[in-house]
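Below are two complexes that have chain A in common, paired first with chain B and then with chain C.
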Partner chain A sequence: MNILKLFYRNLTQGPSTVAFPFGPAWTPPKLRGRIRFDLPACTGCRACEQVCAPGAIRFDKTPEGLRFMMWHNSCVFCGLCNFYCPTDAIVQSDDWHLAHPTARMYEMAIRELIPYTACSACGTKTLASAPNPVGVEPPFSAEEIEQFRHLCPGCRKKALEERTPNHAPTE
Partner chain B sequence: MTRFIQTLTDQAKRLATRSPWIYRINAGSCNGCDVECATTACIPRYDVERLGCQYCGSPRHADIVLITGPLTARIKDDVLRVFAEIPEPKVTVAVGVCPISGGIFRESYAVHAPMNQFIPIDVNVPGCPPRPQAIIEGVAEAIAIWRARL
Partner chain C sequence: MSNFTIPVGPLHVALEEPMYFRLDVQGETIAHVDIHAGHVHRGIEYLVTKRNVFQNVVLTERVCSLCSNSHPQAYAMAIERIAGIVVPPRAQYLRAVADEVKRVASHLFNVAILAHLVGFDALFMHVMEVRERMQDVKESVFGNRMDIGANAIGGVRYDIDAQGIGYLNQQLDAIDAEVVEIIDLYRTNGSILGRTRGIGVLPHADAVDCGVVGPVARAAGIDYDLRVKAPYTAYDRLDVTVHTLPDGDVWSRAMIRLYEARTAIGLIRQCLRDLPDGPTIDSRERPSIPAGEAIARCEAPRGELIYYVRMGDSPKPERVKWRVPSFMNWDALRIMLKEAKIADIAIIVNSIDPCISCTER
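Up next is the complex of A and B:
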């Protein structure tokens, strides 16, 4: 009887083998795959570099700015960079099509540059990174982020104090 | 006679491209990638044998080599010996990030990463471990390279 059931199920449901590579493969929605880096959102806090166990993420100071580098061939796809990023500048997509010939080995990297800029208030050289949104109430608007991007750390602090005046502590 | 041998060789090549045999070398892997390699062959859901591949037990029968692990100092000589036994032409697939760059073990005194300073690697499948479909994708790429080489 059991074999008849099995026979019926195979007839109606077809083979259990997934069609890949001859057809599309199902991907779990939370799969941790290829890293995506959003340069305008990066605050340059380097938390991702700090938590990256295999050292796949690296920040280098160059004359032009702060260079972000990430190599998929060293990444273990643990998701810590995504977890600790305050602005979701670094996220993991569900793209797992990472197999490649060795000749394209070094194309599997992300190279971006956070450039230096002159502070719009005092004129000192500073990184044009997004402001850190942690603990900022109310949250930054898009215009404010652009405004803060061109301020040095000292002027950012001042601007932040002006933005949120010291309220009396509430109960 | 020479023409007959030529035809025979061509025919053998044509048939051989349809059934590459896979051999798996564990170069000090944590077994994560080995489990995924076994999964691609043993579980009907992924079934790498649809591509004509079959896992073989002897390096002398192999056409495609799957290497896992960061090539630890202790196992290096054995891996190189077994690798030398695999007949040419062979295609090497590095499964997981360990053989490609050393992954989490990079810059350790106990591993000789990256592996491609000792063994020529043709296809990389990054992941820790890569999912079975990604390994199948890598094997498919290796088969294409193997066809060109044969």
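Up next is the complex of A and C:
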């Protein structure tokens, strides 16, 4: 190909760049961007914390419950938390607009709390987290998730055994 | 004619990577080369032993941006060997797709930089524009332009549906047509030929002595490609063409990269055509990794990449060591730079596609 032919083609086709920030920038739907956290779906299994390479995700036990914290400025957008999350409580959105003034750096975080509750069956203090769906057949219904949320680990195990008498629960 | 000792690098306008060369020159000609390394050492081999097996998939991906798929892939293959995990067939094909997508982008990048160093910036912009299509592919299919995050222990983290295959094929057709034109340009353009033919020659015998790998070896007539010699993932089921050229000069290395970019496009097409159904990962549950050690190799864009992993009783590896292709290739720079002109230093250094961030990690 002659380079002059290339010049002619570029001249007729116009620029390949986009006008961002004065125009919209193309974003593919699968882009791995800002983390979103869905508290009701979290089982508190802490898999995301264990696979997070930069340590952007942290769980802390507080008197009120299990605190989830995620720092956007430490996140490297690898998506491992999303991949290993059993309930899609933590997902990556296609939002990449994370530029912010330094003064707002402490707002660039997700802070949520899985509160303690009393077990509806035995009254023990327990975390009101979603039940772990791994190995549960048939999958939990929305009502069952709410019912299991208010059970302690021991009562959850019992309820699971009653639910699937033929299958040993695999935790 | 007077003798001088001049420094080139580690921060130098013409060098793309932080290497430091101490050159003894006689007039315009290089008489002796000293290569000093270590400017971007970040201690990643140590950091790897401070993180668990799964975190390291992410950390090894960030050793280097251009071979950012090869590192986690070789690491995952080593871990899978220790744990006896079998990667499902679909994941093997998807790993090959990710590998080849990165190869196309990496090779086009290096060839574009060559045009820039020659002073042919119009061509540089054009090749980068073509590469930008591959960047769009990475962003659309994997979700990131460089760290595509394709690998996980036991398989891959992404999947392609029919719509994705259609999109990929359409992009590949467009890139392939452009690469054909680019190959023609690099083969015939006077500016390119004048600055690259017969420059930085690495004779076959020296290439064997230095143990060079990847496109540098193949441009010196060494028929060595790990995808054929020791196939991994799906390469034993794919038809891989190995390109070689006899001259071992800068131009040959650029042409090998361009030919390989086309071959890589062909390989992605083969993978998409033969893509088997089934799971993309051994298990969504994080597997437990027993104690043991393993070696895994893969063909990174720059050549053979070797990973050694030793696991103890802890979830963190006891030792991870990798031998990167640039480590083998930069030794050959002594031979390539001998008797070269000062003006050709940047072109010759770029021709081995040096990846200093891999080499010094």
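The rule is short, and it goes like this: the second predicted complex is superposed on the first by the 152 of 171 C-alpha atoms of A that agree within 3 Å, B and C clash if a C-alpha of one lies under 4 Å from a C-alpha of the other, contacts with A are read in each partner's own complex, and residues count from 1 in each chain.
Everything below uses one rule, namely that a contact is a pair of C-beta atoms (placed from the backbone, for glycine too) under 8 Å apart; a residue touches a chain by one contact, two chains touch by 3 or more.
These numbers come from a predicted model, not from an experiment.
J.: Determine, for the superposed arrangement built on chain A, whether chain B and chain C clash or fit.
T.: fit
J.: Which partner chains sit in contact with A:A121 here, chain B, chain C, both or neither? Use first/second/both/neither.
T.: neither
J.: In the superposed arrangement, which partner chain does A:N73 touch: chain B (first), chain C (second), both, or neither?
T.: A:N73 sits against chain B, while chain C stays out of touch.
J.: Which partner does A:F7 contact after superposing on A: first (chain B), second (chain C), both, neither?
T.: The second partner, chain C, only.
J.: Report for A:P21: first if it touches chain B alone, second if chain C alone, otherwise both or neither.
T.: first
J.: Between chain B and chain C, whom does A:H97 touch in the aligned arrangement: first, second, both, or neither?
T.: first
J.: After the superposition on A, what does A:A53 contact: first (chain B), second (chain C), both or neither?
T.: Both partners.
J.: For A:V136, select first, second, both or neither according to whether it touches chain B, chain C, the two together, or no partner.
T.: Touch partners of A:V136: none, neither chain B nor chain C.
J.: Could you state the shortest Cα distance, in Å, between chain B and chain C after the structures are superposed?
T.: Here the least C-alpha separation of chain B and chain C stands at 6 Å.
J.: Where on chain A do the contacts from chain B and from chain C line up?
T.: 16, 31, 53-54, 76-78
J.: In their complex, what parts of chain A are in touch with chain B?
T.: 15-18, 20-22, 25, 31, 53-55, 71-78, 96-102, 105, 108
J.: Inside the complex, what are the residues of chain B that reach chain A?
T.: Touch residues, chain B against chain A: 44-47, 50-51, 94, 97, 100-104, 106-107, 116, 121-128, 130-131, 133-138, 140-141, 145.
J.: Can you list the residues on chain C that touch chain A in the complex?
T.: For chain C paired with chain A, touching residues are 51-52, 54-59, 61-62, 122-123, 126, 129, 132, 136, 139-144, 147, 149, 152, 157, 181-182, 184-185, 189, 284-286.
J.: Quick one: which bits of chain A touch chain C in the complex? Just the residue numbers, please.
T.: Touch list, chain A to chain C: 1, 3, 6-7, 10, 16, 28, 30-32, 47, 50-54, 76-80, 83-84, 86, 92, 134.
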